[in-house]
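Shown below is the structure under consideration.
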């Protein structure tokens, strides 16, 4: 018995269309009158490699939205009134393929007014051409890849993290100022870490210092025993490890158990996720190591918009029962920048949003520092200083050691044997 | 010894349903963007149709399951992108050339076909990891972009790349139809079921297998090239992630391998479900999807198409 | 050249540990011809079990070994009888198992994220010993030696099981030729179920040590553990659980040597070795030919 094949095909086609239609063919009326709500679209990762950081960032944004809505909404100059904000967010599970379709969903189906990318360069990268194609400004919170900012664009702005091309400059200058000659650099093979390593190497090179060890390892590297011994064999004055949180954890643990000692050790994530790192490696392993302290560990008392560091820490802790970390602050900063942008843009268009951001550049300071973007969308402000983690009783505290104008103490070099 | 193989089936039973299938796919994906604006989702769906079909060519007709199928996808993506960056050849030609480069890589990896079953599957996984390591390595960054990925947004063209992918999906489906109904395909199936007798009947088992392997790799390479063109800014992980292999396998098996419609239906339905659940109920999403797959394997192990063939419906 | 010696000894230790990680997968494949692609997730379950004991009950994580065995029985037996008989009745159990266990891997990942969150978790550094032990002048943390000891213990236990017990004989018979074993009256289902549970228990036991050798665990590292395990067992010999030690040694020494000289390629080592070995000796370094023409 055979059933007519075209019937099956038509049935299949109908099912396909019905399914797609069910996913969401949402068409709001085009906003010529002020919208009743400002739709902010973003993605977060509930699982996968970027989950921890992404959720922190998302929480910060949600916190900002709750504050603003309690106040009646964000002031939108284009309509001269306060309008409440609504966050539309989807879960990309740290996958770029999923992220691509979800960004497109936000743009074409949900027709969001403001588009904010997920955490990090990887999950931001896929949004860039999409945003440009649909003439939407992409607010890039923490995607620092120097690759993104190579040409002039109206559709990209890095708002909460310095571009990888400038980020390591303070560290390089600190090393040169300390007159350290033998520098070992170990970095993960991904855009975030590799571009920092390259920048560092070139700035050190300009100061006459060539690294005695300069090697990349896979991003999933989890065993540093042999690497540490190879590095130790070069007798370095300073060892710099550029990786993500799991790498830093493995590195610091392996360093402690190896019995080796370096005069200066630097890793990135203690400055961003101090409680996670301390929980996993112990306070003793962190003692006398260096890192980039990030807000709220770096204080900005004078801000032009939003709460300053102290106020933010207090308010966030009260609302969420846990102290904020850098990602929370970055998420909150995203909201602040968007709010300021809406308060300045004379018309409710993406191009006007971008112009507002350009106008804010150089004259806006938030809890993350000075907001300074260039015409390629790169963030040149919000630079992070260098700090040393110093024991205080059974716990640790951060002592900013460079640059001079932000320093709260002097570096203890060489690090004492423990 | 042609007497050992049955004559080719009636034209009406082969060409007409195949042509209708191709027409339906083409129609669906040409019309869909006008009904549903999320082109990225439709594009990804077509990508998975192409990949599931390409995988079906190898697994459905020779029984070899390439866990590392994504290796070819990524190779195509990189070959295409590097050609775009270093030559002035138009993008669509770069996609085609990317497919050819992938076939060359597949020739190099040809010896893997000597292995059987699980050995082959895992060795192909290893091969894809090796390719990933080569393309993403810091030491080769000056050639391949390494960890920084590639940017070919100067040729960014969502419409052209969309239709290119559609053409690739149609090509893959057409090839599946050819495999299904031609003498070549029947020789393959004979080879699959009983290699010893097949080789005694004069079928060059090794050569046929290699040809299918190359075709299957070529499809993945073309799909990778078109995907890179559409995405235009990507890191190595985006085109070498295991998730792509796994999805292709799951979609093909869910639909029903060895058929023409199976991988298409499997990819469309499962990917649509993946996105619907992902958008509306993300917190339970991974769990639901996993459960769904477990239930499917336990109760529908021969794929969706088996629901029809069980009832005696002839499915192409 | 103390760097080379360090890499060699370290590679041996690291490799023996990874043999422990892979051995359960090998056993399950050998006995049931099933590709347990959720293997890494079961390893993680063992690790999280040890974490719970340590962080919530203050026990030494080594008790995680007992928890892993108990957990394997509680989870493994029902799982076996729920899925394996149906799978084996199907057209292509080997490949369908791939898909099935992928589904299970997704489910376990989702549960881990829901229960523990995506954060990295570690075990107390000093719980397995706070000093270092040396061999041939190269010193390594106590935790490494404990992991190696466990791995050797497990391999020895498995050897004794295979050579001294009736169930072990039956298991070997099934590994060699399932149909013949069936024909000689062995209760294949029962022995397979037992092997499945043992395989999961081995994975869980390895998981207790993973946080020590890999720094921390988080739900997203499961898949990488699985693919590395595959590489290790195929290098050694797929279907020959005792051969996993050889695979581990080759993997460990190769990887750590690569870390000394060309670190950015160190991840490629297991896969390159696998492809080379499998093309030269298709059944692995130790295996007999398992393939058809």
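Every chain is named by a letter (A, B and C) in the order it is written, and numbering of its residues begins at 1.
Definition applied: a contact is a pair of C-beta atoms (placed from the backbone, for glycine too) under 8 Å apart; a residue touches a chain by one contact, two chains touch by 3 or more.
Given the structure is predicted, the values throughout are model-derived calculations rather than measurements.
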| item | value |
| --- | --- |
| Chain contact graph, described as a line, ring, star, complete graph or other shape | complete |
| Which of A-C and B-C has more C-beta pairs touching across its chains | B-C |
| Approximate Å spacing (C-alpha centroids) for the pair chain A, chain C | 36 |
| Whole-Å gap separating chain B and chain C, where each centre is the average of the chain's CA atoms | 31 |
| Set of chain B residues in contact with two or more other chains | 133, 137-139, 283, 285-286 |
| Contacts with 2+ other chains: residues of chain A | 46-47, 189, 216, 218 |
| Per-residue multi-chain contacts in chain C, two or more chains | 109-110, 113, 264, 267 |
| Interface residues, chain A side, partner chain B - complex | 1-3, 5-6, 8-10, 12-13, 16-17, 19-25, 46-47, 90-91, 93, 95-98, 100-105, 108-109, 121-122, 125-126, 128-130, 132-133, 145, 147-148, 150, 188-191, 193-195, 216, 218-219 |
| Chain C to chain A touching residues, read off their complex | 2-3, 6-7, 10, 14, 109-110, 113, 118-122, 125, 132, 139-141, 143, 213-216, 218-221, 224, 256, 259-260, 263-264, 266-267 |
| Contact set on chain B toward chain C in their complex | 59, 63, 65, 67, 111-112, 114-119, 121-123, 125-127, 129-130, 133-134, 137-139, 195-196, 199, 205, 242, 246, 249-250, 253, 283-287, 289-294, 296-298, 301-302 |
| Chain A contact footprint on chain B (complex, rising order) | 16-17, 20-21, 24, 27-28, 32, 35-41, 44, 133, 136-139, 141, 146-149, 151, 153, 156, 158, 231-235, 237-238, 241, 243-244, 261, 265, 268-269, 272, 275-276, 278-279, 282-283, 285-286, 308, 312-314, 316 |
| Complex contact set, residues of chain A against chain C | 46-49, 51-52, 55, 94, 186, 189, 215-218, 220-223, 225-227, 229-230, 233, 245-247, 249-251, 253-254, 256-259, 276, 279-282, 285 |
